[in-house]
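Common to both upcoming complexes is chain A, partnered first by chain B, then by chain C.
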Partner chain A sequence: MKIDRRCFLSLVIGGAVGTTLTPVPWKLTDDIAIWSQNWPWTPVPEDGPSKYENTVCAMCQGGCGITVRKIKQRAVKIEGMSGHPVNKGSVCPMGISSLQYLYGPSRVKSPMKRTGKRGEGKWEKISWDDAIAEVSDKLKELRNQEEPHKVACTADSDRNTVGYLFDRFLAAYGSPNFIRTPSSEDANELALYLAQGRNATVGWDIENADFILSFGVPLMDSPDSAGRMFSAYSALDEKAELVQIEPRLSDTAAQSKRWIPAKPGTEGVLALGLAHVIVKDKLYDSDFVKNYSSGFEDSEDEDGNTRKGFKSLLEDYSPASVAETTGIDKAKIITLARDFAGAGRPLAICGRPIVQGSVDEALAIHALNALVGNINKKGGMVAIPEPDYLGWSEMQRDETASKGRQQPRIDGAGTDRFPNARHLLHRLPEEINSAGDKAPLQVLLVAGGNPLYTIPDTEAAKKAFDRIPFIVSFSPFMDETAEYADLILPNHHFLERYEDIPTPRGYAKPVTGLARPVVDPQHDTMHTGDAVISIAKNMDEFIREAFPWDDYRDFLEQTFSDRWKSLEKEVYSVRKDFTPADWEDAFDTPSKKYEFYPTSRQMPPDSERDRLPACRPLEIPGDGDSKELPLLFVPYVSVRIAEGAIANPPFMTKTVDDTVIKEGEVFVEINPETAKENDLSEGDSAVLKTSSAEARVRVHLFEGIMPGLVAMPAGLGHTAFSDYISGKGENAYSLLEAVSDPASGLNTGWGSRASLSRA
Partner chain B sequence: MSKHDNQTAPAETRASGWVIFVFFLIGLVLSMLSGWIAFPNLLYSTKEQPIDFSHQVHKEQVGDCDSCHYFRDDGSFSGAPGLDECSGCHSYQMSDDPDEEKFVNEYVGEDKEVPWHIYAEQPHNVFFSHAAHVKGAGMQCSTCHGDIGESDSLREYQENRISGYSRDIWGNSMLRLGEAEHGRRHKMNDCAQCHLEETGSKGECFQCHK
Partner chain C sequence: MAKKAQHTATKRYGMVIDLDKCTGCGACMVACYSENNVPFREDESDKMLSLNWIQVFKVDNQKPFPDTEVCYIPKPCMQCDGDHVGHPPCVSVCPAVATDYDQPTGIVSQISPRCFGCRYCMAACPYHARQFNWWDPVWPAEMKQYLNPDVSVRMRGVIEKCSFCYHRYQKARNKAYMEGRDEIPEDEYQTACAEACPVNAITFGDLLNDEHEVHKLSKGKNAFRLLERLNTNPKVYYTTTKDWVRRITDNYLENETPGDVEKARKAQKASH
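Here is the complex of A and B:
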């Protein structure tokens, strides 16, 4: 019997045939499939009973109450907190996704000191003691050189305890440079102060209004207001009308009953045009105007000169001229004005996204509310006083501190040039880059915002940062600014920390929220409040004494004193005794009336105009007729894309349409007409060039955008955070240029001149 | 040119067809033997439960299944009770049973959860609602889980070495023939089959795979 190769082949074939007649292949296939779904590194949700804990979301300034579902020690889901006065159970995608930031790889896990070049990403872990000592030593050194004013700090709020601690620290230390991160609040609070004499925030009682005239406010497009608006809008009376004035069909515009596209930047002119019709048709509240306002009619000032009144100012804003400026049909303007004035509880609201906005524009829109007499009324515009709990006693200061504190601010706010402005972060690059050899800013403490991402013209900002010798970031996440810092003192995530949340922008009742820890700190992080107190305790005697508290928790409890317990339990408190002041007592202006002519407004010395809110279209630098940059680039905000300091978490990015971002490339929206003129079609790769930068984009044709505009979402194009977040699209802020409103200094650079050509 | 092709051996040196066929049969038989007999034994490892628990004794003491396997307030199902629940009664030893002694000393005393082997454990990508079946459809526990509630001793647990789940999921029979030995089998097709019979539809993917 011969045995050869073929016998073995036959044996193998027999084996193979036999195996198919056994359960082996089928069972193995099934088991391997299950095995492959259960890799040991695949995250598996905790199993067990759910617990629910309430807190307040601090991903943005919206102040929404949230309920965190926990299994054991793991937070697994975030829901809107039912019964919370602001959001009433709603929550925006950013709030829901904040767990990805709690557990995600963007966290800074311990104090870090830079070892490589700036922005190179080379870090050394250091202890908290060393980190605090490092900052304190640097600050002491500057004070010893009598240069405490060369320290600046950015924070998200000046109305909560952490912002207060930083401001107090700078006051004791001797620097005037506490800079709040920019928002539409800047223009609104300034207008409120000028017209009503109150240091307060603007509240819009949208829930009770029946005609809401929104001048481009991204009510349902921005996390800042979406949580509240989702509930408020669905609860609005069927008859209530929302009118959205915006050059682009945003989600808010799509939800409105009337969408009126106006040329961007002309909203203030439109407001005065509406006021013109209201006054001409005598549709205004004559009781309010006559008895509780001043500066409506022409008058005489102390020197006997004639002072033009608001009514005379309006003569320049006839429907015909406003129609030409804004691009809105004249008849539409007249109808809109009449409908607004004729409504039961009309409310005009303002607050542009992206920029601070113009004070004139805010004054003009506030004046519409004054004309129809809905100031401090149900469904009207309400002045929300500053928090009453931040009333710590004044501190002792040494001479160095007093001298330093009196120096002009680095951002120019409050100086002769911009006398009314309070915070002008966008001017920082200009001031630093134009200074001489000696760097005007030695230390920057970044306790809020992500300036290297959000300051217009990122390149200029980076150049300025290169001239600041010592940058400290307190960010819990490795954002663009933290990446460029010298030292990172990471804060806890908001789900790990206590923090009071002031009344959200635009909310019409004073409400204090309290974020409180629902999970233990996941990393070696420290509450920024504790970091400030620790730094202060390392400083000279006067500064130490200004911070008598053991730690932040002690400070917080003492601050809220008898309200602390209920606040900690309920996570919010609404001031029940609050009712908006009656017109007799509402205004604290020199005339004790609502001032259409804001007498306390200080104009820059070279200004030739008077104080009336004479709105002109908000200009974007450059020649509009130029062949080089014939289009206008306008960034827009979307509730599915976090527009600011914190990047879009991956959960949110997944919700974005593939006509907004696809394969890492961002789409710009242009009108089909613009596409035709520029020889572009849907899906084309193109280069978007503006006066400050250029970006590679793709083209999406959209009927809902006015011709001549190129729109792109703000919030993409991050370069930091983590591999899951960075490298998606382009940063809209880098394509913008800061434009300081000549009258106030606030940033009004809502867009930039641009060209779009096929790549 | 050579007489023979270099690649092919001369006919007289080749194995005959019969021999080749015999080898084929040997391969066939060996693989079938290993596939039907050796493979199942190799695939599953037998594990003892950490504590030999008597459902019968507990049922007499505390009542029905839902005394320990209950629905939480939010409707989710508690599954096997944890140490907290057990130590409500077993904070100290109540009998001279050696397994109870082990439980009290090694788990209650050490504050350590018992690593039970769960016969009906499903992969994490399966969403299964007990409430829909027990409360909604009024099914009995034993329909799927068999008579474990009446048992005096926990049977051995056979763990699939590849997937890590219990043999009960696939069923004891490799061919999945006949009735399951303990309640029902728990593969996806078993769910679908029952749903088809009871509701007229196998259901949609997302009902169980969220």
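Here is the complex of A and C:
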């Protein structure tokens, strides 16, 4: 057909008129607009007067003061509380994100009883009365069978009232098994007890030190210390020097003035090497060493045998031999030792993440502080006494209780094998799995720690849990352990409850924080303190009488008595009367001095070891298998990833780089050199195999990690909580194996031999 | 005499971020999500679809172990002034006036109800500061409870970006007005990220006001901006003493120094 002018015009005009009149394009445009911007679906947050309330964050053990912004009854924002002595206004991402837990889908909304198989996720809601009765009946039954020692409890702290209530309950009930969840505090606390004779925690006066020698402490990488460290770090004198000993360029190492990568596990050896130089060059504080310490020189014991002193021990740690063990240049070791001893207020700190740590290593690093005479000094290492408000009030116990309490602990702590240790949660699977037909543990009360996620070798832990007939979780969230429990008695979220927070680990002044309810309980939950008191009230007379309080609030008020009002108002209290003891009275050891040779250290019967901290490179599982497992797997912690019991809320996962986690897969960091040797390149999918398990990972090349290592963040790979949290990455703890330090029993399994091959 | 209505002096709100101080903790990011109702998805490990108003990037000097160094670069919207003041790259291309340059403050706005999602601005922004809402935001369980009423929630199909917490400016301005003041003191208007930064690496204030810390810091010897030669004139400054960090923030030729670029830029401006 020929298109003439007339035809063309009629087509164009006809088309234009037609298009204008037909509703189709307009309807479509409208639909597109509606589809693309569904406005009525977006929430409109209710407005109202806003106010700010102070409390203390309990997401981790850091004890930071926070300010919660509220609109009417809603908590909408968390900010750092200015003027709080610990964090001085700073706050970490975990603290800010805690609102996602308060209102999030992983809360346990009421007491729940398992109906399906364990871990199947089938639950029945029950009333609080029934829940309390259920636990009490089970406990009564066990007690009637004269087996009260087959009950154990895990809690995050033995220095606050909730931990105290549990321990008191177990004492009245007749079980020795109060197990504090593991942390790096364990080795430090034990070393402090052995060398100084004090039942105290270690405080590092970082704020006032001018040379901080950190043996792999994740100062700025772990939420546990971040709040305090950030403010301390930004206030540090320009001239102050932070030295980080760590095989990986962590955020702390990146901020340090000197990053010294030592072969992992040899930190204790390095400490003794530095001590060697300090002693040889006579750079130590001779007043302290001569007058306030013992065991420095060789001596004679009661039987007339020669006892090797610390000085003689150091002969084996010459810079040349330490250089070989640690991989650090000899000259660097000597310079570091001289700089440390020559500084005005030097401070050596220890506390490896993930594990409890080696006592020898802690003793060696504490000894460095003793050598430079900074014990209980400004900018030094300070012994922080236990809270003064917690004390055992008179309690009558029946025979069952006394007998049960004297039974050996289920985790072996305090027994002949591990005489000095206090809490060994990681040994639970081993003890339970190796027991005969009769389960050694009948009831497990989990009031902290999420052990099914954090105990190394998750599979073994699960097997052990299968052999515990009755598991009760007090978690406010549906975590891995709660999911595997028989009964959940959900606690309030920390923004809904009172709870005293003990001095944060490493903080150099005794400070008590008080978390207080900022919002009303969102669900049918109960304070764990109230749950314990209610359970006790259901028990026999003696136990009932050991808990004379109406409820937890009443108990708390009585405990703090005249301090309560100001504590509730200020949310923290610093012990004003506290000054670190003078060297004259600082030490409560048998010699009343700082003991380089810890005489009260009890060694296991078959040990050939001397009591001196003769550090060796730490044992690594799979060590004999260097052909099959040529690499070394080390988990690392990051302040953007919640590393322990509580998982990353979505906000935190959002902050994590796509070279750490991407589309559900976790990346391991390896040096490009290691990648070349193993024929791997950036982004490759690979299988990481350790001595205990394997995992599918992806590869990220990073120059800042020592060749031969494979590093993975701890805290990913949760399987519980909610869809927003689970199924992202792999659980680093499941790739580890617990290693009980032969001398103390503490878990030192910080790494494992591994292989990495392309998937 | 009755009090005369006054126009307050023009401000140029800006930021100076000390890269030597930043530890990469991410508190700024999370504070921003919380303050600005930034949505999240079920799988936040799916980084392609993750939305951020401020993001902290990790860079390293590429030197072999153990001479490696890392640096973190927090990157909010650069709040560009543009080649001629008031013409940032995104504002020039927006067909809906959904993003505009606020003359009194210098803040580049993003008005979601006006935006129809053409994403021209996203393409025009050289800093990837803008992101698109492909899906409706969802707050599961009771999570709507924590939403901040000062910032409206964005719907799907629109662009969103950092606003320098403009709602906080509005509040501070209203407060000053009610109290009969013209000036907003530095501490009355701070962004959520600057406030949250635990090591005080982020300083925020009026770049034109010599009483504000940022005024001095932005003129410091080590202060610079990202992709400076594009003449976008950002109001977000960075400082670092490390040369390798400085070089990473622009596409320098092998023998080119930041100084050369600055000189060339000034010469070009003069001849314009």
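One rule holds for everything that comes next: the second predicted complex is superposed on the first by the 709 of 759 C-alpha atoms of A that agree within 3 Å, B and C clash if a C-alpha of one lies under 4 Å from a C-alpha of the other, contacts with A are read in each partner's own complex, and residues count from 1 in each chain.
Heads up, the rule we're going with is that contacts are C-beta pairs under 8 Å (C-beta built on N, C-alpha and C of every residue); 3 or more make two chains touch, one makes a residue touch a chain.
Computed from a predicted structure; not experimentally measured.
Peer 1: So in the superposed three-chain picture, is A:G624 touching just chain B, just chain C, both, or none of them (first/second/both/neither)?
Peer 2: Touch partners of A:G624: none, neither chain B nor chain C.
Peer 1: For A:G683 in the superposed arrangement: first (chain B), second (chain C), both or neither?
Peer 2: In the superposition, A:G683 touches no partner, neither chain B nor chain C.
Peer 1: A:P45 in the overlay: touching chain B, chain C, both, or neither? Say first, second, both or neither.
Peer 2: It touches chain B and chain C both.
Peer 1: In the superposed arrangement, which partner chain does A:E79 touch: chain B (first), chain C (second), both, or neither?
Peer 2: second
Peer 1: Thinking of the overlay built on chain A, is A:V12 touched by chain B (first), by chain C (second), by both, or by neither?
Peer 2: Once the two structures are laid over each other on A, A:V12 reaches chain B alone.
Peer 1: Scan A:D31 for contacts with chain B and chain C and give back first, second, both or neither.
Peer 2: It touches chain B, and chain C stays clear.
Peer 1: Taking the superposition as given, does A:I96 touch the first partner, chain B, the second, chain C, both, or neither?
Peer 2: Only chain C; A:I96 stays clear of chain B.
Peer 1: Regarding the shared-chain residue A:P590, is it in contact with chain B (first), chain C (second), both, or neither?
Peer 2: Neither partner.
Peer 1: Is the number of chain A residues in contact higher for chain B or for chain C?
Peer 2: C
Peer 1: Can you list the residues of chain A that meet both chain B and chain C?
Peer 2: Shared contact residues on chain A: 35, 37-38, 42, 44-45, 47-48.
Peer 1: Which residues, counting only chain C, touch chain A once they are in their complex?
Peer 2: 21, 23-27, 29-31, 33-35, 37, 40-47, 50, 52, 56-58, 60, 62-66, 68-71, 113, 116-117, 136-137, 139-149, 152-158, 195-196, 198-200
Peer 1: Any idea which chain A residues touch chain C in the complex?
Peer 2: Residues of chain A touching chain C: 33, 35-39, 41-48, 71, 74-80, 87, 90-93, 96-97, 99-100, 102-105, 107, 220, 226-227, 230-231, 233-234, 249, 251, 254-255, 259, 261, 522, 639-640, 650-659, 661-665, 671-673, 702-707, 722-724, 728-729.
Peer 1: Sort out for me which residues of chain B touch chain A in the complex.
Peer 2: Residues 9, 13-16, 19-21, 23-32, 34-36, 39-40, 43, 72, 74, 76, 78-79, 82, 123-125, 160, 162-165, 170, 174-175 of chain B touch chain A in their complex.
Peer 1: Under the touch definition given earlier, write down the residues of chain A that touch chain B in their complex.
Peer 2: It comes out as residues 1-4, 6-8, 10-19, 21-24, 27-28, 30-32, 34-35, 37-38, 42, 44-45, 47-50.
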